[in-house]
Amino acid sequence: MGKANKLKPAGKTAPGRAKPALRAIKGGKAPAPKAPPPKAAAKIAAKPANKPVPLKPAPAVADDVPVIALNLPTGKLSPAMTAYFKKCQDRLGFVPNVLVAYAFDNAKLEAFVAMYNDLMLGDSGLSKLEREMIAVAVSSQNRCYYCLTAHGAAVRQYSGNPLLGDQIVMNYRVARLNKRQRAMLDFAVKLTASPWSVEEGDRERLRRAGFSDRDIWDISSIVGFFNMSNRVASATDMRPNTVYHGQAR
Amino acid sequence: MGKANKLKPAGKTAPGRAKPALRAIKGGKAPAPKAPPPKAAAKIAAKPANKPVPLKPAPAVADDVPVIALNLPTGKLSPAMTAYFKKCQDRLGFVPNVLVAYAFDNAKLEAFVAMYNDLMLGDSGLSKLEREMIAVAVSSQNRCYYCLTAHGAAVRQYSGNPLLGDQIVMNYRVARLNKRQRAMLDFAVKLTASPWSVEEGDRERLRRAGFSDRDIWDISSIVGFFNMSNRVASATDMRPNTVYHGQAR
Amino acid sequence: MGKANKLKPAGKTAPGRAKPALRAIKGGKAPAPKAPPPKAAAKIAAKPANKPVPLKPAPAVADDVPVIALNLPTGKLSPAMTAYFKKCQDRLGFVPNVLVAYAFDNAKLEAFVAMYNDLMLGDSGLSKLEREMIAVAVSSQNRCYYCLTAHGAAVRQYSGNPLLGDQIVMNYRVARLNKRQRAMLDFAVKLTASPWSVEEGDRERLRRAGFSDRDIWDISSIVGFFNMSNRVASATDMRPNTVYHGQAR
Amino acid sequence: MGKANKLKPAGKTAPGRAKPALRAIKGGKAPAPKAPPPKAAAKIAAKPANKPVPLKPAPAVADDVPVIALNLPTGKLSPAMTAYFKKCQDRLGFVPNVLVAYAFDNAKLEAFVAMYNDLMLGDSGLSKLEREMIAVAVSSQNRCYYCLTAHGAAVRQYSGNPLLGDQIVMNYRVARLNKRQRAMLDFAVKLTASPWSVEEGDRERLRRAGFSDRDIWDISSIVGFFNMSNRVASATDMRPNTVYHGQAR
Amino acid sequence: MGKANKLKPAGKTAPGRAKPALRAIKGGKAPAPKAPPPKAAAKIAAKPANKPVPLKPAPAVADDVPVIALNLPTGKLSPAMTAYFKKCQDRLGFVPNVLVAYAFDNAKLEAFVAMYNDLMLGDSGLSKLEREMIAVAVSSQNRCYYCLTAHGAAVRQYSGNPLLGDQIVMNYRVARLNKRQRAMLDFAVKLTASPWSVEEGDRERLRRAGFSDRDIWDISSIVGFFNMSNRVASATDMRPNTVYHGQAR
Amino acid sequence: MGKANKLKPAGKTAPGRAKPALRAIKGGKAPAPKAPPPKAAAKIAAKPANKPVPLKPAPAVADDVPVIALNLPTGKLSPAMTAYFKKCQDRLGFVPNVLVAYAFDNAKLEAFVAMYNDLMLGDSGLSKLEREMIAVAVSSQNRCYYCLTAHGAAVRQYSGNPLLGDQIVMNYRVARLNKRQRAMLDFAVKLTASPWSVEEGDRERLRRAGFSDRDIWDISSIVGFFNMSNRVASATDMRPNTVYHGQAR
């Protein structure tokens, strides 16, 4: 693969199970796509018939091919990132498409991964579920398809409660949250929608709900991070791995 | 059940399968709720722990008990509505909670059902899938939990494409629609967000996309209808039947 | 009248007095229109002169011809609806144009009339004036010409206070309302403008202002109904009967 | 009248006919108010009864007493302003309440009157009707009760078309305007709602609709002026003279 | 200068120092412009190079030539206005461009100057600094380049605190204000952004912060005034005198 | 300094010149603050007097003490970050406060610095000036005091045009940009204000303005990055180094 036409997601032949997907990333031979070419896919849609004719002209797997709507040159991954992609493949059965998208430039990929892993998986007073809840509440405000899909699945998984994921995707106010979590998401959505209006009173509300100043930093950073990645995803029409849709239902 | 404390959804003991649910509606003996009382349920939420402790303190079934946050007197259904509820139970395995909510007053229920069935199931140049797509696009703009859940499931079912349902719930612009459907949803969302700004140019765009004047009436009426029911649902905290969440995934 | 070009309002020859208007609805011979054809009317407007030249090129009666901007096939009214139209004509001197518009399809007309009459004229803890006040406050938020005109007139009539009608049309906050009515309209406008943000606190505010849970249902349903009909009216450029403008001044 | 409690409008005893109203302005003895004291008036409102009980506890005349919600010291009018008020009284039968409000300070009144008269009555390529149309379109965007009432009446008067006044009050897009007037009001509303977004393209649209650069200045100045007076009126709860409501219907 | 092509600012040859600038206003011979013609200036911008090539193709002085984007006929100033311009030149070293812009019509200029000077320099319970703070907070909400530049400089000068000027230009909430000033700017921004929502509670907040009813009038009038001039400036692309940018830094 | 009360900026004793500032970061002895303690500073503001009394109760230097409104534990910098801070101090004369803020946690600091330097200083088809222009346009939309101050200074420096910095801070539409830069900032502001609405047409507009797909990625990433840091800054009340205000004027 000299110069990729459009970035292709890894592991498409069998979403949900491990496959030699990193070849596509590393420059190896990509598996022959079974899906129609993207242009065609984009044009095939529900037949405007009177009867409920299924709108499934191509297998759903085609929805994230290409991963983004930009034609970027192929990059070369560092050994660390190659190992990281392999780890994703082994543990998740696929490489998240946001990583596939960033992989055109190893430095950008590494900076993104470092920040993401620190915020979402590193040490914090917030549980991993709470961090994912913030990710989804922010992404709902910004109506980001990629992040709602990927992190909605994470909320379903971490909570073991499929409804909670759907609720935060749709309107976090309907979720049956405790006071701490409600305060956290209220802050997250306000900071997303009108950052200029956040003031000491808002921080005080978080403190009264039991959050430390360090927790406030973490909440703010996660809100900030998804306000960034929501925009990168929307700007590039980034497509979530199809497998996310059905996870932990 | 002399005077219901709060409306209870039908068929809770086994969501997804037929049960003698209409008793709850008709005044018979409701099945003993296994879920905790609503107040308690509202307070149980994700433990703000550091580790991803599952946030599932009560079975998910409890989420739609009570159906709405208003304490309404029990109503008496007409034979026609009783038969209609039985038909729902037989065919769907449950009575949609919106009907349970309206059932406190038979006249209101009948008016709602008549309008709903005419718009969504009656004769029209729009396919049933297209009508459900409008329902979801409008409900996404209004962030209505009830309608997004129930009609998101309908889009998944009619289209046979689970992704399409999720996409319109999140942001209809990412769905791979044909021109006709895109024009239809653009109109629906504009009419929802800023009805005062809809003018002849907007109708012309629909005509150019192949819609007849009668189709434009139907699109407008469906957009109007969901702008109504989104608000009734939000105002009363109406809860969708839990079974919807997993349908047609 | 085999196939109506555009729906024509009933009783145009003498707005305000009874005329055989239903002919136009039922397919009889419509009275010869004295107004210029619609296209021409749309083009005649204020002469951009320096002096205050009256902008009244055609009699004002022409403003609601046609009733809507869609060319719909003529429908056939049921005996019940025929009688209802006759009753309107006898009591009001005209058939409200919204009914004329819906009359292209008897099933749609009946569903609309059933819901409207239940909500606005049926049994409720809200006075008819209060229901009309909600209609106007919602329609003001949505800037709906048809509903502001027709229901603004109703507020003037029910209240006997012409100013109250104008105030709610323009900005309900300037009306000298009691606490109950203010709480009611605050809720109505919030539910209209940001339905996703309505929560238990909002219902509590209504209860504290003296409303029962059943009243809250009624307020919510009326708010919902006008959010529907505002959109049908705006989407179709529905024109209010000219007679409304001067009523109860 | 040593220190006025609240500014009282002139000519209240007989709105619509000439009365010795300037006494109230000049410090003479104000006519004994027949209306209840303002506080009481504010509390009397529609009885929340089930039947349409008229909401008219006090004569409508009370609505503009006091003229504004601020308690300002009495001012002394210059001979020029005294003559101007007399002229208003003689020609209109009343002094517009905005002048009554400004009269607490002669310098402010004179500056307001000079600017108002130049813009609305001075030499311009815009007809007086067009200037009033701008006033109403701007005031509708800002939902200003005072200006919509007073200038809505002016549009009705200048145009001889009561509907036109109502339409621009409610939503100028429904008025049957010619292209020039539509371009003018589109510009006015955009400049009101998002002044930061007005650019050369917007001025070009006006030029293409036949406006000169001087006309563009005049449109902009009138838009600016009503964005000012809308805010002074809203900030002070300024009440329009009751007589306006029924004028030119 | 028979008929000015576009209004030219006074004193351009040496911004910041006194020059015979009024000639340009009065119809005398304008100094030969050293700046490139406006069209060209508008097209020269930062070279989209990879290296930080300075974006300064023409001296910054050219930015306010012409003063506005409208081609207006030259006006004739009254002796009073001629003297006023001379006073500006003597004291400030330049005539503010807003005056240059209004100078095409002496009556408009005089009305503007009378109102401006009364509000910003006349007797009031508000300090001159406070009035300028309001001007900047309003102009920030409206993103008005002219007023932010000219009145931002005034805040820097009156306060002797360059940071305060920048803070109110950017987001007044970050300025370290006392309670009185914070209440004042909160009111100013609310009245600017949503004038329809200002009510007695807002006035009460000002009173509790120590403002008299007369102060409330003054705050409201200044807010109104800048909502006017922000729009005149934006509608005409009015350019602030270049000298403002560096003042009192 | 065992446990810092609040983060203190480096180099406060002489902003603009090199000082042993890293001590404050590394845990050394901070210079004795000459400014009043923060609480007091927040309360001292313009005397609400009638006369323009300067509002400069404390030296302006105090404005960025503390750097943020959170009380975070002191962190330990890696040798790389220590060297980086020293480099800042040597080259700029100060350490930017955003770095001081992040320094409580070395991993977070390193991730931030890696991403920032790649985006703003790394290889790209965008000039450094263009990247700073994006930073300022985004921060203006979000009204972020920190970023507008720091990156406004950068635009002034890179462009050599002080006006350009002010213009993008206030309203980028008034800057005299070439088509490429205007398209770039239009995209940046749209992606900031309504990310959900960005689609292929927006990317096409950038391509037509001469941007490659890689450029589009870079623009999007920079927009995303400042949407992140704007929120971290607003959420924590981050204060820019005072020295920025006067730079490159």
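Note that the chains are named A, B, C, D, E and F in the order they appear, and that numbering of residues resets to 1 at the start of each chain.
Throughout what follows, contacts are C-beta pairs under 8 Å (C-beta built on N, C-alpha and C of every residue); 3 or more make two chains touch, one makes a residue touch a chain.
It should be emphasised that the depicted structure is a prediction, and the values quoted were computed from it without experimental measurement.
A.B. asks: Between chain D and chain F, how many steps is the shortest route if every step has to go to a touching chain?
C.D. replies: 1
A.B. asks: Work out which chains are contact partners of both chain B and chain F.
C.D. replies: Both chain B and chain F are touched by A, D, going by the contact rule given at the top.
A.B. asks: Please report the minimal path length, in steps, between chain A and chain C on the chain touch graph.
C.D. replies: Step count on the best path from chain A to chain C: 1.
A.B. asks: Tally the contacting C-beta pairs at the A-F interface and at the B-D interface, and name the larger one.
C.D. replies: Between B-D and A-F, contacts are more numerous in A-F.
A.B. asks: Could you label the chain A-chain B interface same or different, taking same to mean over half of its residue numbers are used by both chains?
C.D. replies: Since more than half of the residue numbers are used by both chains, the interface counts as same.
A.B. asks: Measuring between mean CA coordinates, which chain is farthest from chain B?
C.D. replies: E
A.B. asks: CA centre of chain C versus CA centre of chain F: separation in Å?
C.D. replies: Those two chain centres are 54 Å apart.
A.B. asks: Any idea how many Å lie between the Cα centroids of chain B and chain C?
C.D. replies: Centre-to-centre distance between chain B and chain C: 27 Å.
A.B. asks: Hey, how far is the Cα centre of chain A from the one of chain E, in Å?
C.D. replies: Each chain's C-alpha centroid was found; their separation is 46 Å.
A.B. asks: For chain B, jot down the residues that touch at least 2 other chains.
C.D. replies: 143-144, 171, 196, 199, 237 - these are the residues of chain B that touch more than one other chain.
A.B. asks: Pairs of chains that touch, anyone?
C.D. replies: Once each pair is checked, the touching ones are A-B, A-C, A-E, A-F, B-C, B-D, B-F, C-D, C-E, D-E, D-F, E-F.
A.B. asks: What residues on chain B touch chain F, complex-wise?
C.D. replies: Residues of chain B touching chain F: 171, 173.
A.B. asks: Flag every residue of chain A that touches chain F in the complex, lowest number first.
C.D. replies: 69-73, 104, 107-108, 110-112, 114-115, 118, 122, 142-144, 187, 191-192, 195-196, 198-200, 202-203, 213-214, 216-217, 219-221, 223-225, 227-232, 234-237
A.B. asks: Any idea which chain D residues touch chain F in the complex?
C.D. replies: For this pair, the touching residues of chain D are 196-197, 199.
A.B. asks: Quick one: which bits of chain B touch chain A in the complex? Just the residue numbers, please.
C.D. replies: Residue list for chain B touching chain A: 41-56, 60, 63, 124-130, 133, 140, 143-145, 148-149, 158-164, 166-167, 169-171, 174, 176-178, 180-181, 210, 237, 242, 245-246, 249.
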